[in-house]
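Chain IDs A, B and C follow the sequence of writing; residue 1 opens each chain.
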Amino acid sequence: MLYDQALLRRLTEVTGGSGDEGGARQVLIEVAQSLADEISVDHLGSVTMRKNGEGLGRHPRVMLSAHLDEITLMVKKIDSGGFLRLAQVGGFDPRTLPGQEVTVFGREPLLGVIASKPPHLSTPEERKHSQPLDELYVDLGLAEDRVRALVRVGDRLTVRRNTIDLAGGRMSGKAMDNRASVTALVICLEELCRLRFGADVYAVASAQEEIGAIGAMTAAFRIKPDLAIAIDVCHGEMPGVEKDRVVPLGKGPVVTLGPRIHPSLYRRLLDTAKRHRLPYQLGLSQGATGTDADTLQVVAMGIPTALVSIPLRYMHTSVETIVFSDVQNAGLLLAHLIADLNSEFVEGLTCY
Amino acid sequence: MKDLIKSLAGVSAPAGAEQEVIRAIRARVEGVADEVYTDTLGNLYAIKKPAAGASSSVKTVLVAAHADEPGVTVVDIDDEGFLRIAPLGHLAAADLVGRRVRFVRSKILGVIYAEGDAKRNAVDFSQLFVDIAVSDQEEARKLVQIGDAAAFAYEMQEVTPRVLLGHALDNRVACAVAINLLASANVPFQLVVVFSVQQQVGSRGIQVAGYRINPDLAMVLDATPTGDTPKAKRLNLTMGSGVAIKALDAGMAVAPALVQHLIEVAEKAQIPYQIDVSPEAHTDAANLQIARSGIPTCGLSVPTRYLDTPSQMMHMDDVDAMGKLLQAWMASERLFDV
Amino acid sequence: MLLKALTEAFGPSGFEDEVRHLLREEVIPLADRVSTDALGSLIVEKNPDAEGSRVLFAAHMDEVGLMVVGIEDNGLLRFRPLGGVDPRILVAKPVRIGAERRYGVIGAKAIHLQQPEERTKPFEMQQLLIDIGANTREEAERLVEIGDPVVFATEYEEFGDRRAKAKSFDDRVGCAVLVELLKQPTTLPLTVAFTVQEETGLRGAGPVAYRTKPDLAMVVEGTVCFDVGEAKSHEQSTAQGAGPALSVVDGKTIANTKFREFIKSVADEEAIPWQYRRTVGGANDAGVIHLSEMGILTAAVSIPTRYIHAPAQVIHLDDYHNTIRLLSAVIERIEKGGHPIS
């Protein structure tokens, strides 16, 4: 396999905040050049990698959607002393931020630290409360006039983090949500280079999922696919969380059942996994899935939609942790689903 | 400009009942636009065709300013003729006690008050009523029916010759800027100005307008909160320091290239500007950018103190800067190429 | 009997198959074209190629329910709600589960075993489990599957003063009204849509509106009614027996005034009672239909339903019949060239 942990590492270590996905987009386009027939970038920043199927006649159109963006922070105000106040672009837990090193993308990239009051100075009463985002600030170690020359309100910043290999094939870093799924998309395209298939595949690395799943929605309106599959991360098993809300890491991608999901497409994914002996796990939802699937399903006349997820622990922190085999198996599951498709099945998706 | 603002800012136009302000705007754009019409929801469209000699592959720019304001709607009329109300948009029940409102359909005035046992800081809408000075339900029904909407009834006033105060400066000021734009625009593309309805209840008007026009580029004009009053939220904007160029609001992050382009245009034309990061502010931009296959959308706003109250405060310098930056932006050579 | 069959059918959000099958059987003889869409909404057309205003009527097929999400070692089932369910109404209710409609009961710790302070607190969803009679996890796994949907086991019955109770009047009563309307001959290009997933966020109606592109749309709902106890007039929303309720403002729609006036004028001329829906809480499929594409002129007409989203919902049969009469008269009026905007 050409695209392995190194690709995921590369994708997670670049920056690509919602609405500002440039860094991640550049890496992805470079990698996908040899795998897709055509690559385009749309108005909202989504990357569409098209791969044409074989055969005459109308090809079923399959859209895969893995969001490209990651949660980031933005400079909301420069306070006296040159300290930066923050807004979030996507949902952070502010309790994970004090003491983090950050990179501020000003006129040049700048290293900063999110300030925290030392225990010697804070009162026991203060330590009982977590600080909301509005009380946090970034120290750039620069004089105020230098800060004002190099940084302006609206500049982005991210937590500064290299991706780390843990034991057992686990990888930990920022932006695993959702570069793990983007990597699965690339693995799928690579696998499709080896397989024969009749569908036209539109693999979309969608922009701005973390602020409303709008990249997938607008891309789907343009592509008007016959079916769509969202690829995202889901919560991995951990202590203190009800068992039916989480799944173990390393036991395969999760295929979700629920109102947002087309029932036959769901069953087809399970059948595909069984036929190709790929591991999978069951996910349940009773409404919103919190992924691109939610918006995809109701675009235009409605799109038969499914969801494949990669289990991940510590979501929306800078130590998001996955097992790489789940990423690989998600990519292979998607590729085989596409290769096994036929027009009859696709046409049947609107016949209940 | 102040006269134009004054003529629009005194009108009561709650979300869903904007007809009066739409009529007033229509009267002012009919002479200057090539085509004017409304749609099912009540949005007003004013279209300026490209100047002669433009190519056939002409592009479309949409400029949007919402015409509505927050208000209340009647949900019940009690036996004594007091009206029970629910909010249209972001209004806190406690802020309404003692306020005057005007009903759009019947033009009558009323005053909002709270039931006698309501706690001053914990009033909710079920405890509010409107007194329209009638003696019973029957008399009330002659003047008001369930579903009638009302908004604040206060004239615009000047605190100083350059500082305005009013209940609907958000967003009649932007409407005035857009009307002026139509009057002066002579552009090589199609300009569609939408005076949108129902922004206060979730930008519903702009959703269908964006779908209808499907422009190549869009600009949303609105008002935005400042951080320059005692113990205000930590926001960057101060009143009187220039037009606000939107980078982030509650619904969207503007594409960095569009923000950068606006900054460059402002600097080149020496127009005072500030960058607007308002994580709690809602504008039409978020719903406009998701129409059809997605529309590149940016925003300019007037920094405004005391939003969502009857005493919104704006500085005319900022209003003038918005008008100038809008004109300079539309004249920029790189408009479609950022 | 249509109301009985429809309300007893199994159809929580996302699992509307049984309701759809039943409706399809009912409408096939009445329609020119019957189809389904990508989400499973059932779209029924009469005179699709005729001239005249294209009118869409919509009622949602789904009901609130539960989903089995886990099985305990002792064979009891854990569940989560599908749609808005108040956990306080679940205790001590029989339910039906999954493809085989297996019976189960939602039990609770007996009051004898509770500490005094426990007795005043409502049961939380996590404390409630479904008992299907299995003794072990393995036994339960043979009888139900994780992911199985669950509905209340309530049966339709008429009682009291022209009242009926059933589990899913919201919105099977709307579905029944639309089936009755289809029986009426018309020359209009008329579409009746039975939508899916209204209860999980108005999901089905948007794609239906986009596909059918009507000139006018009317949503028929079973809506909130609380004309009981000491509720004051402005807290009731609607009153039973006072006729179909016309929407003014709700969480997702500010209703078009002219369309409402048009419906009112038809009701008054036909001497059909009507009332306003007097609350801004809640929402229905009109919320997405009126914003479809360039905007669609939309109205919502509702049958007052006591105890919606609970196991035993109650309607007044006069309201049901008056809603059919009213909408039928509206269709006739439009057929004769009447239009809300004229």
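Methods note: a contact is a pair of C-beta atoms (placed from the backbone, for glycine too) under 8 Å apart; a residue touches a chain by one contact, two chains touch by 3 or more.
This one's a predicted model, so the numbers in the text were calculated from it and none came from an experiment.
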With chains as vertices and touches as edges, which is it: line, ring, star, complete or other? complete
Which pair wins on C-beta contacts, B-C or A-B? A-B
How many angstrom between the C-alpha centroids of chain B and chain A? 35
Touching at least 2 other chains, the residues of chain C are none
Chain B - residues contacting chain A, complex: 227, 233-236, 247-248, 251-256, 259, 274-275, 277, 279, 286, 289-290, 292-296
Quick one: which bits of chain A touch chain C in the complex? Just the residue numbers, please. 242-244, 257-262, 282, 284, 286-288, 297-298, 300-304, 349-352
Partner chain C, residues of chain B touching it in the complex: 15-16, 39-41, 73, 75-76, 78, 84, 86-88, 126, 146-147, 198, 201, 204, 207-208, 211-212
For the complex, which residues does chain C have touching chain A? 13-15, 17, 20, 35-42, 67, 69-70, 78, 80-83, 126, 146-147, 196-197, 200-201, 203-204, 206-207, 210-211
Touching residues on chain C, where the partner in the complex is chain B: 232-235, 248-249, 254-257, 260, 276, 278-280, 290-291, 293-297
